[in-house]
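Multiple structures follow.
You will see chain A twice below: alongside chain B first, and alongside chain C after that.
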Partner chain A sequence: MIRRLWPIIRKEFLHLLRDPRSLLLMFLLPVFMLILFGYAVSFDVKNIPLAVYDQDNSTASRAFIERFTRNGYFNLVEKMRSDNDIPDRLDSGKARVILNIPDDFSKRLQAQETAKIQILVDGSDPNWASSALAYINSILQTYQQDRIRAVFIKRGSLLTLPIDLITRIWYNETLRSLNFFIPGLICVILMQMSATLTSLTIVSEKEQGTMEALVVSPIRKNELMLGKVLPYVIIAFLDVILVTGIGVFWFGVPFKGSVVFLLFSSFVFLLGAMSIGVLVSTNARSSQEAIQVALLTTMLPAILLSGFVFPIENMPLILQAITYVLPARYFLTILRGIFLKGIGLAYLWPEFSALLILSFLILFASVRRFKKRIE
Partner chain B sequence: MTNSIEVKNLVKKFGKFTAVDNISFNVSKGEVFGFLGPNGAGKTTTIRMLCGLMDPTAGEGLVGGYSISRQGEEIKQNIGYMSQKFSLYEDLTVGENIDFYQGIYQTPKEGRRSKKEEIIERSELFGKENELTANLAGSVKQHLALGCALVHEPKIVFLDEPTAGVDPLSRHKFWGVIKDLSRLGITTLVTTHYMDEAERCDRIALINDGIIIAIGSPAELKSSSMKGLLFEIECSNVMAGLEVIKNLPVVIDVTLYGLFLHAVVNKMEDLDQIKSALSQKGIEVKRAEKIVPSLEDVFVFLVEKENRDKIRSGR
Partner chain C sequence: MLDSRLFHFIKKEFIQLLRDPRMLFIALMAPVIQLIVFGYIASTDINHISTVILDEDKSYYSRNYLQSYKNSGYFDFNYYVARPQQIADLIDSGRAKLGLRIAVNFGRKIVRGDTASVQAVIDGSNSSTAAIIQGYINQINFGQVEILLRKKIEKAGSSARNLEPIMVNSRIWYNPELKSLYYMVPAIFAQILMIISMLLTSTAIIKEKERGTMEMLAVTPLKSYELILGKLLPFVIIALFDIVLVLLIATLWFNVWIKGSVFDLFYMGVIFMLTGLGLGIFISTISQTQRQAMMTVIFIILPQIIISGFIFPIANMPKIIQLITYLIPLRYFLEIVRNIFLKGVGINYLWYSVWPMVVFGVVILSLSIIRFRKKID
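Then we have the complex of A and B:
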């Protein structure tokens, strides 16, 4: 049943070898995409430009400001001299957070009265603004605690806080967004690479006129389809290793799980992703059409609907339903599980089974769709 | 079984357009059977149906004893097919192309080496096994493509305009190969629109607008299809002459044939009428002689007759 698989595989590899530029692209493109995305895509909010209008200009006020700037979250860009400048700094984007300290700040602290401080936050990017607000709140909280403690000590008594919260973050201790992104990115890159690679295989035979010879030969559909998919699966397999290596050794993303499971699930995923390309190719009338359709049907869902950027839980129900038929959705969960949590089949078997079923369904569909006919 | 190919009332429609209109013919074992007709006559469509590449709309065909509508895959094991596009991978070498076709036809491993050498020798590609196919001349590609189509030594071979775009000498050589195949008992069905190629077939079917208008050996077609005598007339003004002769009641058919006119009449004496009609109009007859019709004469005559019949019957 698969005796004629090898001649097809061999031929496809020869095509690849005779086209070194495309072959090179197959390795360079994923690396390029990973590095580009790796540096560009970051949701970590750091170095927030902060402008200060310190009307008090006392030791206390400077100590307060220092709390903002010392841990790298805020970057003091300007000490303003007039409150007239405030709107301009926000409008121009020179500062995104402005701290307005009134001239009675130290006096009120001294008198143990409540000092009022104004903070202005640029809320045009809500994600970003809420991160900034969270930092501000946490800085303020520690400041308050320290102040109150100092007052108690002065009075000769010790303050016992009612709750001491001990927070431990698991999996991605530093909450580095790159650690979350790189595994997802690997999934998106592979998905898109795979489908575009194989989207040409059938349609190019049609364009070259060799399809007639294949169709008139005793080759079976499954031999032809599998023979077309497997060489690219192997190429993409090397990409998986390459991209994972760059993610781990260059971007420092932790890899806690099993390499074997990673390779195994990648293989299953690639089989499905490649089959999408072949399916597109059987239906396409020209190479251009094939590439466009392949890009459209893989890239957009992989980026938007897989949970790569936007959590699936927040999507409207109808979109959530669509995500269940996307191989990328499952592979993404598996990748993040392997990289960050170090879990394996024991936890990921539902995703893995879904991926397995989907991949074989798509492969089967592409075999079914291909007709040994000329119309 | 004496017939390699049997076709009965075969029809292929694409929507409202009838590409092949109720054709029937048989091809016996070892025969070189030609399909002669202009582009769009339905030659390729017929071949594709016979190879199991297309389902017929109606009718039945047997190729090597297998039904074209139900046993397409069995047929594929037993036939060789070469399309006008040659079906070679340009980015593969000569040897790799042969290897590939041997692989997908699963030919016996022991025989592959010698078969490969045979193909290379026949295509005059000795020492060019590692040459990229893209760099080969058209005629060499054609021989190589034929070799690849025959790696599994099929008993029936379909050649769809195998010599399109190949120089005359190479065409001549190619037909030598077809004759060799025939001597080995291999049946060949070949389509062409070259008259000289059609002459080399054992039998030909003339096909036009999806209909077989005549079938037989080239000699038979020439002697029997054309009722009447054919004269070749050389005169001072062929275009004017054509107009004059066309309107004579004794003339069955007249066509422009290069610089001459070919006129079909019933008897020898009718030529005198033509001559006098021409001289009346001041056209000088330089030469007028009875000739043996060529296949082209037969073809043109039959097609025009068919068209006249169509108009007459109001189709």
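Then we have the complex of A and C:
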């Protein structure tokens, strides 16, 4: 088998070497993507442009505003003079949160009545807005607690809070979004590599009329498929090492688990992912069709349905059910487990076995679908 | 006009497209499927947070406290455990995202007026979800603190009105329910226009090259601008058709209505396509095979998607990358489309984004056409 497999692998490699630009892009693209992501991507919302309409302009109101600006979450861009300006500031995007403090703010606080304030939030980017709201809420809660405590102290009694909530965040203590995204990104990059690399292999043989030559050769179907998949698996495998290295050494993403397990599961995943490309390619009538189907069946699920950005448990049940047949879902869980939690096969065996079964099923399907004859 | 060379050439291109109905179908359906999947999964409200409970106290107070978490509707109490190690196991394996541990004496301490303690452990691997979970539990905890304090003060006989020093009325503008679709539909527009104009045009031109039919076209009396126009027009039409489809599904299915003018949206889309078509032609002049073209397209599209504000806000990026975004036509288009879509503002509000887009489109398209003509001759 090896004897017949080898020429196919060699042929595919020769194709690649004759096309140095594609080969270069195969290594450049993942690195480029990772670096861009690493620098540009951040869900950590900071420096939110805040405009204030402070009608009270008292020590109390200024202290209140200072709560927003002091830890870098909000950036005071303007003190407005009139409430007519409010719609314009949000419309033009100059400010994304507006704090409107009425003129009786300090008076009411003094009198121990409830002071009312208004906060307007630009909701056009929902992700962003919900983080902003979370900050606002926690700032307001500490402010409330501090005020209550101050009132008690004034009365001469010391306040003991009835409940003290101690929160600890595991795995990613600083809540750095990069730590979450880079392991996921490895999965997305590999998926996208496989879509671009293998989706054209069969269909372009058909289009260029070289299929006949393969059909009359003594090679078997499964050998041909394996021979078409393996060179790309090897290239993408090098990409895994490259991307992991950059993620860990350049961007300082923690790597707590086992390298061997990472490489092994990447290999299994790649086998499945590349087979999807081949499967698409055998079914496609034209290379344009193959490209589009490949992007649709690999990129879309890998980005949207794998849990890369959106948590699976929040999806509607029917979509959750679909995610169970996606290799990306399992691979992503494995990657995050290895990088962030440092867990191994002891915890991840369900995901790993699912990945193993899926990959071989897809490889098997791509062999079955391929008809070694001329239509 | 009707019997001009150009018309017949365009007709031929259309016939060629129609002969490949599967490709056409996929070109039309891909964005639709994407939109529908997106519409269902992209929600920013985090609920069904899988929670593990360790209640060491098992008193009236601890049950009451936990009930307030349950009542919030954010948490699913999936596991009740007896040992702290079990919390760690469930979070390690990913089956729970939050662990709540109530220490012994919780109830007794509250009754005595001491501070009782609760421990929360959050799985922080997804940083944004973790931040939101943290926000929820702080809020619920504060609610409980307030209730207990109020009781304590009322028992002591003083008034409790000052337990709420400030009251906040917060309102969210433009997208009060924080529906992600409002943000993403414009992005899907941009993506359709880019992918169709760049990927499909460049591969269509290269296909002629690969098959050797390009020479045939070059020797016909067709002028090169006619050749380009004929090649591009069918894809422009597919793209516009796609936009209508996406718009219909967004409004009729997901109830996401466009606040500004549909007309503005369309002609901005056409202007934006100039850039994409220009780049598509350019890629076809520098690529020999369809695979090269495809990889080059991805190489050009991906960074644009990442740093244009497509998903990740530009304001969060480092200054140097923020400066680079000014060179990306997609940035302007997204700004325009989102403003038309969400805020309903007109072009007069947006001219500062419109003119760079026009300049980019015209320059890139003309340069590419010049290069293409040289290659043909």
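One rule holds for everything that comes next: the second predicted complex is superposed on the first by the 333 of 375 C-alpha atoms of A that agree within 3 Å, B and C clash if a C-alpha of one lies under 4 Å from a C-alpha of the other, contacts with A are read in each partner's own complex, and residues count from 1 in each chain.
Please note the rule applied: contacts are C-beta pairs under 8 Å (C-beta built on N, C-alpha and C of every residue); 3 or more make two chains touch, one makes a residue touch a chain.
All values derive from a computational prediction rather than experimental measurement.
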| item | value |
| --- | --- |
| Fit or clash between chain C and chain B when superposed on chain A | fit |
| Chain B versus chain C as contact partner of A:Asp19, first or second or both or neither | both |
| First, second, both or neither for A:Pro162, with chain B first and chain C second | second |
| First, second, both or neither for A:Gln288, with chain B first and chain C second | second |
| Partner chain in contact with A:Asn127 - chain B first, chain C second, else both or neither | second |
| First (chain B), second (chain C), both or neither touched by A:Val216 | first |
| Contacts of A:Ala40 with chain B and chain C, given as first, second, both or neither | second |
| Chain C versus chain B, contacts on chain A by residue | C |
| Contacts of A:Gln144 with chain B and chain C, given as first, second, both or neither | second |
| Chain C versus chain B - closest C-alpha approach in the superposed model, Å | 13 |
| Chain B/chain C common contact set on chain A | 19, 208 |
| For the chain C and chain A complex, residues of the former touching the latter | 20, 22-23, 26-27, 30, 33-34, 37-38, 40-50, 65, 91-94, 110, 113-132, 134-135, 137-139, 141-142, 144-145, 148-149, 152, 161-176, 178-180, 182-183, 195, 199-200, 203-204, 207, 210, 288-292, 294-296, 298-299, 302-303, 306-307, 311-313, 315-318, 321, 338, 342-343, 345, 349 |
| Touching residues (chain side chain A, partner chain B) in the complex | 3-4, 6-8, 10-11, 14-15, 18-19, 208-210, 212-219, 372-375 |
| Parts of chain A lying in touch with chain C, wherever the complex brings them together | 19, 21-22, 25-26, 28-29, 32-33, 36-37, 39-47, 49, 64, 90-92, 109, 112-131, 133-134, 136-138, 140-141, 143-145, 147-148, 151, 159-173, 175-177, 179-180, 192, 196, 200, 204, 207-208, 285-289, 291-293, 295-296, 300, 304-305, 309-311, 313-316, 319, 333, 336-337, 340-341, 343, 347 |
| Chain A partner contacts - residues on chain B that touch it in the complex | 48, 51-55, 72-73, 76-77, 79, 81-83, 85-92, 96, 99-106, 132, 148-149 |
